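Both complexes below contain chain A, partnered by chain B and then by chain C.
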Partner chain A sequence: MKQKKSILANETFQSIAASVLCIVIGMLIGYIVLLVINAKGANEAITTLIKNYFTFSSKKLILKNLGNTLIKTAPLIMCALSVQFCYKAGLFNIGAAGQYVVGAGASLYAALGWHMPWFVCVLFAMCAGGIYGAIVGFLKAFRNVNEVISGIMLNWIGLYLVNMLLSGVKETTSPYTLDLAKENTSALMPTLGMEKFFSNNTHVTIAIPLAVIIAIVIWVIQKKTVFGYELRATGINKQGARYAGMKENTNIILTLVIGGALAGTGAAFQFLTGYEQWTTTMSSVPAMGFNGIAATFLGGLHPVGTVFASYFIQHITSGGARLDKNIYPSQISDLISGIIIYLCGFVLFFKYAINLRLQARAEKELRLQRQREENASSADAKEEKGGDK
Partner chain B sequence: MVLLIQYTLLFASVLMLVALGGCYSEHSGVINLGLEGIMVMGALGGALTLKSFNQAYAAGNVSAFVVVIVTILIAILSGMLYSCLLGFASIQFKADQTLVGTAMNMLAAAMATVIVKTINTSENPNNVSTTVAYIDAKKALNRNIGSFQFSWFMLVAVIALILAYVVLYKTKFGLRLMACGEHPQAADSVGISVNKMRWAGVLISGMFGGLGGIVYITAGVSEWKFEVGVAGFGFLALAVMIFGQWKPHIIALAALLFGFFRALSNVYSGFDFLYALGIPSSFYNMMPYIISLLVLAFTSRNSRAPKAEGIPYDKSSR
Partner chain C sequence: MQDVYTIEMLNITKRFPGIVANDNITLRLKKGEIHALLGENGAGKSTLMSVLFGLYQAEEGIIKKDGKEVKITNPNIANDLGIGMVHQHFKLVQCFSVLDNIILGVETTKNGILQKAEARRKVMELSEKYGLKVDPDALVEDITVGMQQRTEILKMLYRDNDILIFDEPTAVLTPSEIDELMQIMKNLAKEGKSILFISHKLNEIMEVADRCSVLRRGKYIGTVDIKDTTKEELSRMMVGRDVQLVVSKGEAKPGETVLSVRDMSVASKLHHNNAVKNVSFDVRRGEIVCIAGIDGNGQTELVYGLSGLEPIVGGSINLCGKDISKASIRSRSTSGMSHIPEDRQKHGLILDYSLAYNLVLQRYFEPKFRNALGFLKEKEINAYANELIDQYDVRSGQGTATIVRSMSGGNQQKAIIAREMDKEHDLLIAVQPTRGLDVGAIEYIHRQLIAQRDAGKAILLVSLELEEVLSVSDRILVMYEGEIVGELDPAKTNREELGLYMSGARREAVKV
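Let's look at the complex of A and B:
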């Protein structure tokens, strides 16, 4: 009986099961949408979406495109970690999108405007994101401004600021920023020979292993250090944490600085690979930060979980781009991610419901057991009495 | 100058409608971050309706009145339907309202793109754009007064404003709605169904959000690319609502101010002295957000936000 209880009540098992359930339902709805659009090719389309780079026949192309998916996974992991880190401290960092944006602005300007080497650019991105996060933290700690609202405002301010800033280093005929590979190769992140494994995909850089390492570091900080413990305690019960002598305001600001730095670094991991250029006419905040929210919740609010969730989201997004554009819109994968994150909203409720039922069942068992014992003892007593007679 | 006034009034109408919608929802105790997504869905419904009227209106088979009314109704309906997602998750299942709102924004953008692309490619296999054109039918929405183009939606926005003021402050329903956002336990104890009131708040916000969506995409242009969504107007409306301290009459003023900045970013090059200043349009776009952030920083200590907003109502925690 103890075995049975431990698997359903196990926190990790619950999280994984919930995420898998969300994915399955999301995929199912996506499949139905594909069927509605065009029933004939739906089976092929959904397999393309799931297989992504495995649709290629040659091993070389498979590896090259695996690299492309991984390149975009690294920044997503960083944004997800930013959201996760803040969420554990009780803060909903919707501003990760803006911190990502200013990170992109700072790193690209340092690279193209000042011709800095890559590690300085990364540092710039980290600081820009951190400062941007600090604004949210300061407003929250000292001016009582809800972090979601200020985050949203700062997202848009950041977008327009960066568009203005990067207009100084864009190509004259297009809205794109200058090509890093032509302008300043020292700002490209090193590949350490990894490109050979990915069929000469030179955009595969140390950003990918770095993101995974940072995820593990975050996990260790949260689980094993006093600092992490304090942050989690503040997240669970603010008043309690203050009563226990923790500096609540400092912790709020520090959390958002770290969260911001993570998202900002994510932007450097994206743009310093030379895989993509910034579009200075962008009229909406890049989806990366919001996808980070999706990856965080899909990853069960666990740093290592977010790594897998980020990969999954990027995998189906890249897979969506491989659909036949004349029949199916590639945004179908965005639709699926959207549904999945919507479903994640229900996860906490279901966990709560499951735990409640388990608890009720355990109590019932206990009561029955007690009753049985009582019955037995009263029966014994009777017998004893009978024996006396 | 006329153009500036016209755009200001149009954008102000959009912001006012959506912010008033958000106002109902927040007063009932549900934070509606999904306004952006609701606007997209309303815009989609309205745009497709307008598109279907294109030929009939150009040929003179339907009156302008019918076009306006049907478009408004469909936009409202789309917005309300979509807002059910928020109500279902956050009222029925007590989900995190911030998370659900964010999900709704992502979902709406993707859904609108998929729907429009599917319609476009089914009409013409080579058309993979996300554009809906409603050039002819759009003429029904406007009436020229001199060089000023009056849009019927401006009138709708004014009516919505008066209605909001009366409903929220002068009717039993409005006062009950606000009670659920301030102290749901107290409201429940005198026999008000908190869940019903919150559903009402969310649905009304869906209604206005959807309406705001169609007003936005018909402001100045006669076709819309759905891959850009509504370019952050839902979030701007949230800023208007906060700037307006959750009160309809201040929201109206805030909407005018923010609408003015948005309009300025569109038409500033038409003014010689502004053009000479050389400030890029990004700057004007940024202003509303900076202003509301500053206002927040100085007023949040004694914020007028509904006290129980964002907290799922749990009967047992009374």
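Let's look at the complex of A and C:
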């Protein structure tokens, strides 16, 4: 029998289809919410949200704002990679948010307090995030503390430590940290001429291509190396990995160090562009790390998938900020991206549903085929009888 | 004389995508008989029973109860027709008492209040009548596996079922519990219950069943009267060819000592005492030493201690003259220890990895399979995997790329055996290597073990199956409550003597 494999059975296709389905359903629910709040403006609002920078008429403005969305995509990719990397090793790195925070603290203090050049600041962020991740790793490996619990607690500890630390380098009249462009231009990440394409948006830096490259590197590490082989084995079956002599504790710590370093670097990619300053009175952990969790799942738990998912989440978040604030409360964009993020949890469910359908269809086809065969054979039998006559 | 059939399954066909699990199968169950259903893993036994129990619907064929056609579309209907099933994995609520488990779902209530006294009386009556000893107030989590099974049987009887399906009921029992179960089944049949007994253990079928139907690869092979048949004939029907039931092997020629264990103790996870207490023994080249004993007497922990999965708390382990008492799992493995683990899915395999990746699980870090930069050499891994697949006849759907989870239990075990036997080693520890496998696969594994012995490897076999212990090993060490209580020569001992040691009734000092 010839086996025709449906495109639906392809794993990559399934992941993408499931993610797209999440997005569509999320948008629909978001639209309904908009309708309930104010039916008149809903159509316009949802198109604004989807169009984001395309709402501008001039090409110049479109490109500039595309740049802005990309700037915030880079750190999101890094946080998503942090979560993805740990997830593949069986660890849920909700502490990515805190690792991002200490990364921000370390890079900004190195830039503003010690006037270091940008690459040193990135290194500081990476190390700070890595060390912060290591704390979770050690607790998990040697004291069996659940990484979610210790991660969440460290998120808050990190936030207030960084607020304290950066109060030393903040503007005197505001809670914001000093402006990098005025204080230490060497700490700004280089643009390599990219700003010209984005209508002189000088915040577009090499952080963006770097994040994409790092995603690819992570993918290669996971798929092709001995280290990735061990990590994924540990993630799938910890007992089996132990039996095969893999160093479970070392791998747990190493995974969280790398995860932390990724999230920490993400913070450097955000704050060393000069696009945003740290608010030292912040009383909630920045959403970037948590959005990373969403991007990981929306991206089908694949490093390259997270790049696209991160862009999408940032796209609608930026788009949401453009809604008419007179009609809709400013939280509406958070709400819609929240709904989509919530639905991301269903990506796996959608995959399951697709497979279930495939199975049912295969069964039906098999039955039909048998029926056809039987019909054919009974027809043959009849013919034979006819021949006898 | 016209036979009275209580259940007739006529021309049952059930398909799953890609395979026909049951192909035109007919099974007739007489009233008051014990009818065995024999077949290898994957022969379609469980599917057929699931059709009878209403878990699956057959595409073709009919089911008759007492001569009348019935449609069983869900287990509740099966229950109403008096069909009950003891599943291989018990379906009991761990934190409920035995009595609560028995009445669960069919509680008698009065104004919404449970009437347990009535239920207790009925349960005790049934327990008395059929010799099913249970403590109705004990929590299920505290009782033995044997008592859990009796609880499951009582559950069926409490529901007035008179057609009882036993799905491989002896797989989890100790030898004495098996004997007890056989007696219970006979009592039940005497009282007019009809029993369907699913098994692939020929001895048990020969002992307890009246008739036996054999399935092979989804097809119905035939039904025979047990009194007119032999084990050999049954196994031929089941496997489709002649099978050597008795392992043939030459004289052992033990050489130098490979593994030397002295006063080893391993802590228990369950209680504060040590699970293994001051155990000493040697294993030499060219011999199969078997650790026999009833499950839970420290065998698992003994192997954990040897392999490094658990640290030892006292004593020493010496492998090929090297002290490995404190060595890591990896270094024990590279020093020449191969280990076929007790739980192949928990320890032995990464189920969601491909077959190729699983076959290099103990060797992926060798220069042969990785380059200096730490990248895996996929080509070499696949080539090596193909070699092993050919050599050990591991069957799978998509060759090296098959996800191991989708393979049958027998082939999963073959993959582990291929990996552990092909890896460089002096000592092979095999823990229940034939558990849950069918006759064909068991024969294969036994032959491999003996071939390893004859190739000069030292083999430590841990087994709960008396037949296996007696037929494969060259020396038997019996473990009881964490200690080695006897050393026996398989040629000079028998089931009964072994049973005395295993149950702790007899013990002697064992000198190393």
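Everything that follows uses one rule, which is that the second predicted complex is superposed on the first by the 342 of 389 C-alpha atoms of A that agree within 3 Å, B and C clash if a C-alpha of one lies under 4 Å from a C-alpha of the other, contacts with A are read in each partner's own complex, and residues count from 1 in each chain.
Heads up, the rule we're going with is that a contact is a pair of C-beta atoms (placed from the backbone, for glycine too) under 8 Å apart; a residue touches a chain by one contact, two chains touch by 3 or more.
It should be emphasised that the depicted structure is a prediction, and the values quoted were computed from it without experimental measurement.
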| item | value |
| --- | --- |
| Which superposed partner A:L366 touches (first chain B, second chain C, both, neither) | second |
| Chain B versus chain C as contact partner of A:R143, first or second or both or neither | first |
| Which of chain B and chain C A:V226 touches, first, second, both or neither | second |
| Which of chain B and chain C A:F346 touches, first, second, both or neither | first |
| Dominant toucher of chain A (residue count), chain B or chain C | B |
| Touching partner for A:Y243 - first (chain B), second (chain C), both, neither | second |
| Touching both chain C and chain B, counted on chain A across the two superposed complexes | none |
| Residue ranges of chain C touching chain A (in the complex, touch as defined) | 15-18, 59, 307, 309, 328-333, 339, 341, 346-353, 357, 361-362, 364-365, 370, 373-376, 378 |
| Parts of chain A lying in touch with chain C, wherever the complex brings them together | 224-227, 229, 232-233, 236-237, 239-247, 359, 362-363, 366-367 |
| Residues of chain A touching chain B in the complex | 33, 37, 92, 94, 139, 143-146, 148-150, 152-157, 160-161, 163-164, 167, 283-285, 287, 290-291, 293-294, 297, 325-327, 329, 331-332, 334-335, 337-339, 341-342, 344-346, 348-349 |
| Contact set on chain B toward chain A in their complex | 31, 33, 85, 89-90, 93-96, 98-100, 102-111, 113-114, 117-118, 121, 125-126, 128, 227-229, 231-232, 235-236, 238-239, 242, 280, 282-283, 285-286, 289-290, 292-293, 296-298, 300-301, 303 |
